[in-house]
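Below: one structure, written as structure tokens.
Chain lettering (A, B and C) follows the sequence in which the chains are written, and residue indices restart at 1 in each chain.
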Amino acid sequence: MSLQPYASPIERIWFWVFRVFCGLILVFLMIPVLVIIPLSFSDSSFLTYPIQGFSLRWYEQIFSAGPWMDSLKNSLIVAPLATLLAMIFGTLAAVGLNRADFPGKGLILALLISPMVVPLVIVAVGMYFFFANLGLLNSYTGLVIAHAVLGVPFVVITVNATLQGFDYNQMRAGASLGASPLRVFFTVVLPQIIPGVASGGLFAFATSFDEVVVALFIASPTERTLPIQMFSGIRENISPAIAAMATILILMSVVLLLVMELLRRRSEKMRSHS
Amino acid sequence: MTSIAATQTAAGTQPVTGLKAQLRRAERLKKIKAMLLVAPLALFLIIAFVLPISSMLWRSIDNTEVSQVMPQTATLIQQWDGSGLPDEAVFAAFAAELRDSRSGGGLGRIGRRLNYEDPTFRSLLTRTLRGLPASTELSWTEELISIDPRWNDTATWQAIQRTAPLTTDRYLLASLDLERNAEGQIVKVAENQQLYIQVFKRTLIIAGGVTLICLFLGFPLAYLLATLPTSTSNLLLICVLLPFWTSLLVRTAAWIVLLQSGGLVNAGLMWTGLIDSPIQLVFNRIGVFFAMVHVLLPFMILPLYSVMKGVSPSYQRAAVSLGAHPFAAFWQVYVPQTLSGIAAGTILVFIMALGYYITPALVGGPSDQMVSYYVAYYTNTTNNWGMAAALGALLLIVTLLLYMVYHKLVNQKQLVRS
Amino acid sequence: MKLKNNTAKHLLTGGLLSAGLVLAGNAQALTVISFGGASGDAMQEAYYTPFAQKAGITLTPGDYNGEFARIRAMVETGNVSWDVVEVESPELARGCFEGLFEPIDWELLGIQDDLIPAAIHECGVGTFVWSTVLAYDADRLSRAPESWADFWNVEEFPGKRGLRRGAKYTLEFALMADGVAADDVYDVLATAEGVDRAFAKLDELQPHIQWWEAGAQPPQWLVAGDVVMSSAYNGRIAAAQEEGRNLEINWTGSLYDLDYWAIVQGSSHVETAYDFIRFSSQPDTQAQYSSRIPYGPVNPAAIAELSEKQAARMPTADANLEGAIAVNTDFWVDYGEELEQRFNAWASQ
């Protein structure tokens, strides 16, 4: 959209009002992300502006052995495993959904996506009691299963989207050349849908890495994940250590964003080739 | 396929049916293979997701506390006709089972259940248990009445009788501000105890408000992004995607910092002279709106953007060149083409907002909490699991209904921009 | 060659030993739950770290906001993941009666004679004395508020006030603000009229109240300027004072009580829990804790190790006890849940 040279004054005013409005929305979106970073370098133990002195003590605090590192470690155990589980289950299911029509397909698709829409607190309370009976409460296993459930819809959706452009004749060609179905999957299908699998995996990873409600219910202090530590930090010891961890998480989200962009480009390139 | 069939027809009828059968078999095999691929995930979700939620829903009618901790009493008292006092057998069973209830948290369970019938029941049980002798020379009827005269009241035993059946509708009724009166009719609860209708209304109002604000902010921004040259719009899109990828807790913490009395927003407003003293922006409804809109806005912008990307500007231009006012052209030609995006974004944001818990809990006050908060509250703070399940069930029904609408309207792809 | 062999042997046994220790350490993990915040930090330094080192075990700290229901749910579903938990006295009494805590074998513990009498309970061991006080930002008030009546006086002291989101330690203050003498508070609150009176008084202040749930919030809000006064745990305010913030405490009408260590029924580390409780009740560890946060030690011998300045900030200092009342445990055991329920319905309106 650009301003036409023959635009009337009203159109000109409207054009600029519109641009300023959009600019303000972008500021609104970005400001919380930006505002927290300087606070992590404050030397006071209260999260308030103006900052009185500069210090790296909060980074020292979160990077020294203690609850922050423990919770980071826990998240780094749970998130990759949950992601892996979600990727395996999700990719298989998406391939299956795309291969053929079968009765109840719409219903099954709705089921596979539903963890994304059911309010987290309901999932959390349900799993809390169910896992209690199975002895999965307060265990890494329970947490991994719970987070895999929450991550699965993303993998199904992204892989499903990637498969829309997939030509199944390639599989037939592979099979007619004597390759086993497994070999066809790994050498023909997977390389083409890998961007979708990976971006679904990133979503699943980010979900697990940011999930607090379910973890609050089903994890004990031993499996305390980073979001729980953040949550109780925001509620309890409101200290700039949170800002320091937040800054690191923001850096991580920049990395996620970049990887996502790379994957998107790759899958677009692939599609234009095929 | 038809051409194959056509060539085969010439060769005679027998091979055709054979081929048809073969094709059908191959098709069936393909279907089975496809289903087998989906099966692991479907099974996984049924076990780890559907079952837990269904068993939680069961708790909204579950009434087994008393019959599990005091099985004999529960059986016997259900035979009582409800007038006068139950007979000695009930008193004796009750005394014996009350004494054993202290182990394994049993006393807590029945105390809690009976307290819903009468809020002083727990202290009655506590007092009774303290005075309960190991054996009695009198009858247990007299013994209990001597410990507390309330055991002589018909109402006390009626309350216990009400807790004896295996299921109850009290939690579901209570979550609609209803209860059963002494005659068993459904009536509204006393005015100063009505709460949940208001909480549901509040939840809908907050979710609806957030959705409207998101649409109001998201539509123009998505429009701008969709109409700018790609290089510029990709740059601006980062401003949408970066917060989208940033931890919810990070953003919530940031809003607390921004909105508190000594925060940047208040400082800015005071500096411009709009206000003289800080106004309260956080731990109330305003804070909830700010933080929730911020978290959910990308979920509005992204589907809108992906739809708008596919709308050709030429229709709108044609309308203008045919003499339509640019605003009219925009409103009557452009907007209708984006309706699927609007529907997707609106329902998605509304569904997500309905279930919000963490953000209102951190930036809202007590009168800004939504249904999810009460589900968590009843689970973690008062152990009233029946109430938690009943409120959860209602919330789930609303969500699933909306989800069905959404599922009908929107292709799932639009949810995620990759 | 022989020597080399020996070295290898030593290395091997040493390695096995330390591996064994690590394994044993994992088996001997103790989970200790406190109220967190500044107090949790002080416990970490005074109790957790030294105890873990001394006993050669892993100690997992955690925190909660006193959600008693979590302990109940753990015991009832048989998923006990907390070993030692810090509880307030009404919850201790209630949980003890419901069979949620292991009864303390005081003979086995063997520290009965070292502690103040109030610290000794059937199911718990007192660990410190705290106080809920009226705290305010001295820079922003024209004069120092002297009572809870001043706290309710929004004309003379404009601005928001912080109060704990719950009936406990809120209704007492409301009654005192309404003119009930400190000593009569619980008698009045035990009557239906008294409860109505307390809620009516809260109604008056409601538009000016910002509710806090975690002990760290009042100092944070006072410093950030969200509230001008707040009820607060005295120890949290002291932590802010040390940072040079001009927060002050009015001790008149404050409520004091003990927090206790209790062992959750069904914990698989009862012996280690006893060791931990014994360790944290020593004069030197208690003094370590109290020098980091001004909560009164339960081991009187610890007071001698504190400086005069530190001792004067304790809730147990004579000057601070004047006009203060002890939390009535029995009252809250009997009426607690009923009042909390009513409070919740009232606050959500």
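Quick notes on this structure:
In the analysis below, a residue touches a chain if its C-beta (ideal position, glycine included) is under 8 Å from a C-beta of that chain, and two chains touch if they have at least 3 such contacts.
In this text, all values refer to a predicted model and were calculated from it rather than measured experimentally.
In this view the innermost chain, defined by its CA centroid being closest to the centroid of all protein CA atoms, is B. Ranked by how far their CA centres sit from the centre of chain A, the chains are topped by C.
Taking each chain's centre as the mean of its C-alpha atoms, chain B lies 33 Å from chain C.
The geometric centre of chain A is 21 Å away from that of chain B, both derived from CA atoms.
Chain A and chain C have CA centres that are 37 Å apart.
In chain B, the positions touching at least two other chains are 260, 262-263, 379-380.
Counting partners per residue, chain C has 223-224 as the residues that reach two or more other chains.
Residue positions of chain A with contacts to 2 or more other chains are 47-48, 129, 235, 238. For chain C in complex with chain A, the touching residues are 29, 31, 33, 36-38, 40-41, 60-63, 65, 77-79, 81-82, 213-217, 220, 223-224, 240, 243, 245. Touching chain B in their complex are the following residues of chain C: 67, 69-70, 72-73, 75-76, 97-100, 160, 165, 210-211, 221, 223-226, 265, 334, 337-338, 340-341, 344-345, 347-349. Of all the residues in chain B, the ones that touch chain C in their complex are 102-109, 111, 115, 119-120, 122-123, 126, 192-193, 195, 198-199, 260-263, 278, 280, 282-283, 365-367, 369, 377, 379-383.
By the touch criterion stated above, chain A contacts chain C in their complex at residues 44-48, 67, 129, 132-133, 135, 137-138, 220-222, 224, 232, 235-238. Contact residues of chain B toward chain A in the complex are 27, 30-31, 33-42, 44-46, 48-56, 59, 217, 220-221, 223-224, 227-228, 236, 238-243, 245-258, 260, 262-264, 267, 294, 297-298, 326, 351-352, 354-355, 357-358, 362, 372, 375-376, 379-380, 385, 388-389, 392, 395-396, 399-400, 403-404, 406-407, 412-413, 415-416, 418.
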